[in-house]
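All chains are identified by letter, namely A, B and C, in their written order; residue positions are counted from 1 within each chain.
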Amino acid sequence: MESARAQARLNKFIMYLVLFIMAFIMIVPFAWMILTALKTSQEAISVDPFYIFPNNGWHWENFASVWESYNFVILYKNTLLMIFLRVVFACLTATMAGYAFGRLNFPGKNFFFSLVLIQMMIPSQIFIIPQYVMASKLGWLNTVMGLVFPGMVTAFGTYLLKTGYQGLPKDLEEAAAIDGCNIGQRFLNIMMPLTRSSMVSLGIFTALFAFKDLMWPMIVCPKIETTTLSAGLAKMQGQYGSEYPTMMAAAVLAIVPMIVIYVIFQKQFVEGIATSGGKL
Amino acid sequence: MKEPSLKKMTAAEKTEAKWAWAFIAPTMIGLIVLNFYPAVNTVWQSFFKSDPFGRGGKFVWFDNYKTVLAASETWQSLWNTIKYAIIEVPFGVVIALILAVFLNKKLKGTSAFRTIFFLPMVCAPAAVAMVWKWLYNQQFGLLNNVFHTNIAWISDPKIAWISVGVIGVWSVIGYNMVLFISGLQEIPGDYYEAAAIDGATGIRQFFHITVPLLSPTTFFIVQTRLIGALTIFDLMFMVMDKTNIALKSVQSIVYVFYTYAFTQNNKGYGATVVIVLVAFIMIVTFFMQKLEKKMVFYN
Amino acid sequence: MKRIALLVMLMLALTVSAAFAETLTVNIWDNNQRAGIQQICDEWSATSGIDVKVDVIDWDNYWTLLSAGASGGTLPDVFWMHSNTAQMYMDYDLLLDLTDYVAADDAINLDDYYQGIVDLYTRDSDGKVFALPKDHDTIALLWNKAIFDQYGVEYPTDNWTWEDMYEAAKQITEKSEGNVYGMAMNTSNNQDGWYNLIYDYGGNVVSDTHDSTAIDSEGAKAGMEMMRKLLTVGAPQTVVAETGTENLFKSAKTAMISQGSWMINNFYTAENHEDYFWALLPYADVNGNGQADDGERWSCYNGLGWAAAFNTANPDAAYSLISWLCAKEQQIKQAELGVTMAGMPGVSEAFANAFPGMDISAFLAAEDFNLYMRPYTKMTTVWEDPIQQAGGFLDAWQNPEDPAIMEKACDNAAAIIRDAIAQGY
């Protein structure tokens, strides 16, 4: 008995040790990002002595100067607008299609749904060149429309919502049908509100995907005033990659909003990822 | 449910079908215009030699394919991509599984740990790659200065691919872990209780209960991460400079695609590279499906 | 649905065309020049009543965006051309033909400008002019006085040979026990670096007629052998590639780098700029008489051109703006503002005065020796990128101890360039 308890204590110790070491490894890059952002550029590239912490004051003003010189307001605005529009479009189209596939019966259902499944299997890189040509022909380069349009519909979301609708009990809808509600009313008033959690999952997934995407904003919005935070960072690195405190301050500014949102809505994020489990 | 046939539909079935078509119309039109047409168009373009301004150009049959398949760059980058996947997927999965099992025990502070591990998932990869590039910097980087080494982490072709792989693992652990935790919570507790009565230790329980019962989750993670790893781009693009000698032994196939299609404006060649990539991923998916039938234990 | 879509498209088209009627869009790639260029453009707006919007797009995307415009999208009205691809744009008629405008314009006389830049923007086949020279640049050696003082090494002079530079770099690297590198040069420092050695020793990268190369000639190989020696006492390529030469210099990790005049402002505004000095690029004393004779000291020069889109909605206004930007008065203004040196000889004094406290006369002095136009072909990038990467000179940069690798790299580079030229690039 005594040895079992000792064993349990040892197990616990080992588990905490592993968790703390891993947590440390996860934190270090973030810490280094912030610490570098607070140094002068001379300090950041001084090797002998090597400073872990800023040694002549913490230069918070680095953030302000990056904020202004790279016009972060515009980058934030573009990113938010893109995320907002993509989420709205994706949720709207996916919930409609998901409902039809999940609850309704109609000719061509299997064929159309197989198209959805096929799209999910094709790597998205194959779409990019023609999508770019489309954007260029329609004059959508360097516009929010260009950022948004490839994500307006989502096969993955349709699949996710279809599963959501299928999981709902049958009798709810039947009762409404007897009351004389048509399909549109049943969808809008009864069924759609019940798939809220799937919608939230899809919304979070879409937002994260849009926020993290690098290649598309880079090619469709090459002007720094029209692009997103991700692509903006890539551009800054290309132009001013050697100004380390500036770069790190920019990186911090680019990731902070999403981290704040994540910490607040942690439960939804984690559940959203766990249920959608998409190919992020 | 069997689909109704167009001819013999009742009035009610017709109304239902009309609603359904209206509901799927935006998605289907979108998929056709934004995905299926582009996919076909990419195949079409791969038969053309673009002029220097990326315009359609000349129909050249399989010339692009001949060049792409003969180029050592294609195979090297495909191999680089596989090497990246070999690091990211197994390490990302195993570490995440261990963490998930620990966090699934009733320990204090699990939610704080979970928050921390998941953080990289909500960060833009561009930012992540930038800070790692800075950590790895041979001259001024944290790693070399703290450990008093002088390693060219990202410029030595022998180790640069590992360094980039480590960033991938670091980024993906939290995501895998969250999926594992939700998989673990679905395993009924009485399995463990029964095992404990039989005197099975924690490690035995892990291998005899957790691993087999978790295999659907594991398989799902491995599959999605594998596809993700095979289409990696951001890390290589952000970390490797063009005059970095290790670039050729690290750049992924999507990076090569990007370079040809959007930097050199050789759309026909870029389209061909992407077709090669898609073919490769299809083969991998096919084998994964075969593997699923053999390896995965469904309850 | 279709009608709504049509309506939306129509409105979009209307707003776009409305926007174009009253403003000209100008695209450039150098953020450092934006303010100055905008100022000069605003002065044009004041006389013409047409607004000018100057957009900066980073180098890589600049060209992607331009070629997207060429293949069906919208091109900016007025933009920079560069020797990399100018000839290709001209061959494909993507630039507005300026020949008649120039002939009718009293403010512009092509003889006033650097001949090499005018030639660059003139089509060989029919002598038509597609862009006017915006500026020119030269190369000089940048050195850190504090490092030379610390290790007691004699300062660079304007009479240095590459051997002298090697000796100094060697002393610094050895005396500092590797803490400081005597010099640093990346494979991408071509125009502002190793190209100049090739010319000093009698080789060339691309011939004056742009249809052959002598990069594997004996002279070029001698130049690159000298380069190799320099690299043995310089910063290792892994360090240079990750950190960049200018950053190594600013962090006092390297004593000397070569730089183009477009970078002056970058160092002028650096923290330790009072330690920074410019000298003439060293020369190659090929005949061994101890002085720089004709043909022994070369500086690369390059010049951007102001061009307009072939399909600009307002060609007259576009040319009027180009003419304004390239006329003598604005060229001087551009130099005074410290934007760049002018596209015409004789007005560079104004540029020298734009950096009080820093002597940049080396860039002007370089013009008293041999200047060569930056090597270009119809599409320079096709060979220029590969020769500085693995399979080209990067191999030699990576292993500077082995002369055979450098010689092989010269042969490889020659093959790459010849192949590109043969393919019509």
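The definition used in the following text is that a contact is a pair of C-beta atoms (placed from the backbone, for glycine too) under 8 Å apart; a residue touches a chain by one contact, two chains touch by 3 or more.
Computed from a prediction, not measured in an experiment: that's the story for all the values here.
Among the other chains, the CA centroid farthest from that of chain A is the one of C. Set side by side, the interfaces A-B and B-C show unequal numbers of C-beta pairs in contact, with more at A-B. With each centre defined as the average position of its C-alpha atoms, the distance from chain B to chain C rounds to 40 Å.
Per-chain CA centroids place chain A at a distance of 15 Å from chain B.
Residue positions of chain B touching 2 or more other chains, listed in rising order: 139-140, 262. Of all residues in chain C, those that touch two or more other chains are 60, 64, 68, 71-72, 243, 251, 253. In chain A, 45-47, 132-133, 219 are the positions where the chain touches two or more neighbouring chains simultaneously. Residues of chain C that touch chain A in their complex: 12, 16, 31, 55-62, 64-65, 68-69, 71-74, 179, 243-244, 246-247, 250-251, 253, 271-272. The part of chain A that touches chain B in the complex is made up of residues 11-12, 15-16, 18-19, 22-23, 25-30, 32-33, 36, 44-47, 50, 92-94, 96-97, 99-101, 104-110, 112, 115-116, 119, 121-134, 149-150, 152-155, 158, 182-184, 187, 208, 211-212, 214-215, 219, 229-231, 233-234, 237, 244, 247-248, 251-252, 254-255, 258-259, 261-263, 266, 269-270, 273-275, 277-280.
Those residues of chain B lying in contact with chain A across their complex are 1, 3-6, 9, 13, 15-17, 19-21, 23-24, 26-32, 34-39, 41-42, 45, 95, 98-99, 102-103, 105, 107, 113-128, 130-132, 134-135, 139-140, 142, 145-146, 170, 173-175, 178-179, 181-182, 202, 220, 224, 227-228, 231, 233-234, 237-238, 254, 257-258, 261-262, 267, 270-271, 274-275, 277-278, 281-282, 285. Considering their complex, residues 40-42, 45-48, 132-133, 136-137, 139, 141, 218-219, 222-225, 235, 238-239, 241-242 of chain A touch chain C.
Across the interface of their complex, chain B is touched by residues 60, 63-64, 67-68, 70-72, 85, 88, 92, 94, 186-188, 237-243, 248, 251, 253, 379, 381-382, 385, 388-390, 394, 397-398, 425 of chain C.
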